[in-house]
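Labels run A, B, C, D and E following the written order; every chain starts at residue 1.
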């Protein structure tokens, strides 16, 4: 199996050096389609494909994976159990204090999973704001933050299947998650549910730009820089990016706009970013 | 449903490995727990405060903080202090320490339920402490302990489902994956229920057999009938109410 | 290793309020679950003494099945099936039923530990069955089971994290939530461990006191 | 206290059979005890003495034969030509007339001395609490335990517990009192004390007594008939004087020699 | 079997004090037992008889005073001018000379009859298994239990268990044998049997015996000295004949009357 034990960053030597010597990098993943998951015996997914490309360029041919629950991705990284986290984790200011994010690789939109026919007619965040609908959100996800800020009633579920169950059983009126995940979820089930169109949520008049990225240990600056360098080549070439990501259902909508950096997202001033990049929701 | 079955069949080959991991954790954890229980159980009833005190602290600590938190610390925090173990080892150590602390109370209680007169008779024959314990007291306490240890073993088995939290591919991980594949919680958890039940049942048989054997050694009980061994016999026999320290 | 070091007191204090809110749920679940388990457990133990195999057999099977399968799965099943019941109620109920199967064993042992001489004395005094149970046997049996019940209370307390699977945010899921948002898992989970210890240690001291008193 | 001294035996065993597994303890045992009689059962260990008392108290079920109390069938009766078990309800009516004191006292540890004694009169005989307490105090006086009425039973010595147990049995005003080695769990010096209480009861009431004891001196003093058992059979039957001074059967001689002659 | 009959007492109590909490059970008790003596302790319940035997077996710790076996200090000794506890290692050497038989037999239920007897000789005396088994069989023969050598102990009756317990104590070849009411848990008829075994041992060995018994007849037969205890003090001391027929102290008279005179 491709699942391996242990990161390469033990001791004093740099992680970059270590993985280059070994020819193997060990990435943690959460088994969530379409980001990073096992397909039979093969580790695959959009962020994995990206990793293979980038690490390959760094002279590391093998990308191995350690499957971990969402909540232990970061603790395992800090504990040197693996080298990076490849799960498209959102770049958030609080998180930046504990771990180092690479530059954005995927732009996030939001969507709702709703009962077939979308009885409540949900389209964007404004359609739930101020309503008395109950929205299911996954524990610690950005949508949870949106709901808190806008006073939307939520229940917290463990993972996307639980979110599906919450909608099917009527415990929640909708399940909010990233557009990509909701689309994948709706496709993978026979239950009478559907995905709404993805949107960029606007909270307090500010477009909630969100992006996911590879995560590194704080100390692994050298590896992070090397990774970013290779990533810049892909991010600078939309065709190349789509070539890698499209097979997993990603579209141009998820392509990170030029100029958007992890540092900006870590700052957390979304209004400033919108202005600077001239984005509009 | 037929999709579900297809997914189940596809995943069956990997079930063997998953069960193996669960069994390794359960049995490894149980063996370690027994060692821990013996050390702490006897430690907690010595007269010397220097032994009893630390034993009690360790027991209360591992019973008092929960298993998840212990696993978290051993797997994710200790490495940051340069103390790193393999995931399976971590699972076994955590399960062993946690359930060992519970089992220590069972051991202590059972040892205390062996009549003092037995210790005294052994002293009157001038047997040394270790010899008294090994040959006289423990074999009698053992028969009292088994039913409660059997309960703990089932709890330990269920506790091992936390292994996925530390990247192990055990039965629970397998079920979780089945659930993601099928998106059918009922189906996949139902399958999981059956798997855990079967493992628990087999473990219970083993413990029933051990109990009958221990009782026979004491000349109590009869030769175990098949029904005694294979029946889903309730864990706790009459004598247990006398045993202090109970399961928890 | 983080350059900030492993532990940040700031984060620890920051997470505390939401943990305490979760702790309230945790304690509620334990108390309510314990009440259900104590009563249901006793009923099961009594039903197990029914003279007919047609009661004992099926009951034994159900009890063993519940005892031998994971609490988490039972919670999720109940949550999926009982659509109209609030998750908190399901949590209390399932915890109670799950532990009732353990407690029934404790009660059974307690009842069987009442010396046969007590039954015989009651018969010799011609006391009716009900009076024998309620005035003679149960008062003696339950005294002996108190430590066992206490132990299960401590243990149930530490199994409440499973409630996260049915959307009940108790202490543990509050910690995970905090961790996911900030990546400060160490502080959050360590505080959870400490809070567990702070609550369960006095409880287990109390239980041992009872052991000594009722021994 | 007796219902009628019309010659109906207080206790009658007819062909009573009792087995434990393959072990036939009583094999068609026949004997009867007249009203007001004081009968002592003696015999080696395992001869079935306790079993007889337990059958009478319905703590054991007989495997055959009839047990009658005051002529009333107690455990089984013939109906048509089949054995029919007597329902618990009717059995309780008969059982009211029988009281028993155990070797191990079997007091209820969750109750005080007084509650032990009043429990059954209140809940079985339906006495008022006041009446029951009054009678209990009278009995406690009689067994010399008045000052201990509010003690828990485990604060009492063995001899004191046994005296409470005797009072408890008497509180039900039984016509028949069964006593199974009531002194053998007691310290030797205390034995005399408890026997004194029983002697007084024997002398002041006309209660029918069936007792098992190894205190031959006591048997001699209170009983008017002694039955020697061996292997569930009556080997010899006589008044105490004859039995203890001049036993005819060889087994009895041997037994008495062992018990008395050391 | 005795080391030397040079006049050193086999057992010597010097000012021995034993308290349980506030309850002073032995208050500066002094007495000694010569080698080969057979001494019976009598006295009412709670007078401290068992405590004396338990102190000798080191099952209790004395609170003061000296206990000597063959002149060797056993539990404490003066060193310089301070009490020093004797280490377990040396204590075990002295304890080898003492054997004890308990009222409740206390056989090990997890071992067979033979294993009960050979366990200590093999593991404490370091005998070979063959020798230990040989000696055990000889002892089983002596107590009449040869056919039961491979039985589990709970398959035996009380009397049989007590006989095995006696054999077990003798297998250690003790110089001093302590016997605490060894027949009082037995059925009356069986008592004679066990006493017979002890009588034979008394008659065929020169083992020093210290025994507590309520069987006055037996005390009379085997012992050459009787000590009457009350409240942890020796009230009277005499040869059995004098003690039982002509006790001088009032407490003794009263006690013997209660125990014998029923």
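Just so we're on the same page, contacts are C-beta pairs under 8 Å (C-beta built on N, C-alpha and C of every residue); 3 or more make two chains touch, one makes a residue touch a chain.
Everything numeric here is computed off the predicted structure, so don't read it as measured data.
**Q** Using the contact definition given at the top, which chains are in touch with both chain B and chain E?
**A** Chains in contact with chain B as well as chain E: not a single one.
**Q** Name the two chains that are joined by the greatest number of C-beta pairs in contact.
**A** If you count contacting C-beta pairs, the leading pair is B-C.
**Q** Centre-to-centre on C-alpha atoms, which chain is most distant from chain D?
**A** The chain lying farthest from chain D is A.
**Q** Based only on mean CA positions, could you tell me how far chain A sits from chain E in angstrom?
**A** The answer is 82 Å.
**Q** Between chain D and chain E, what is the gap in Å from one C-alpha centre to the other?
**A** That gives a centre separation of 38 Å.
**Q** Could you state the distance in Å from the CA-based centre of chain B to that of chain C?
**A** 18
**Q** How big is the gap, in whole Å, between where the Cα atoms of chain A centre and where those of chain D centre?
**A** 84
**Q** So which stretches of chain E touch two or more other chains?
**A** Where chain E is concerned, no single residue meets two or more other chains.
**Q** Which residue numbers or ranges of chain A touch two or more of the other chains?
**A** Residues 71-72, 75, 78, 162, 165.
**Q** Multi-chain contacts in chain C: which residues touch at least two other chains?
**A** 1, 80, 185-186
**Q** Applying that definition of touch, give me each pair of chains that meets it.
**A** A-B, A-C, B-C, B-E, C-D, D-E
**Q** In their complex, what parts of chain C are in touch with chain B?
**A** Residues of chain C touching chain B: 1, 6, 48, 60-61, 64-65, 67-73, 76-77, 80, 102, 105-106, 108-110, 112-113, 141, 144-145, 147-148, 151-152, 154-155, 158, 161, 172, 185-186, 189-190, 192-194, 196-197, 200-201, 204, 211, 215.
**Q** Chain C touches which residues of chain B in the complex?
**A** Contact set of chain B toward chain C: 60-61, 63-70, 72-73, 76-77, 80, 102, 105, 151, 154, 158, 161, 172, 185-186, 189, 192-193, 196-197, 200-201, 204, 232, 234-242, 244-248.
**Q** Could you please specify the touching residues of chain C with respect to chain D in the complex?
**A** 115, 117-118, 120-121, 123-128, 131, 135-136, 139-140, 143
**Q** Report the residues of chain A in contact with chain C in the complex, numbered from low to high.
**A** For chain A paired with chain C, touching residues are 70-72, 74-75, 78, 92, 94-95, 97-99, 136, 139-141, 144-145, 155-158, 162, 165-166, 169-171, 218-219.
**Q** Considering the complex alone, what residue numbers of chain D touch chain E?
**A** Result: residues 44-45, 187-192, 195, 214-215, 217-218, 255, 258-259, 262 of chain D touch chain E.
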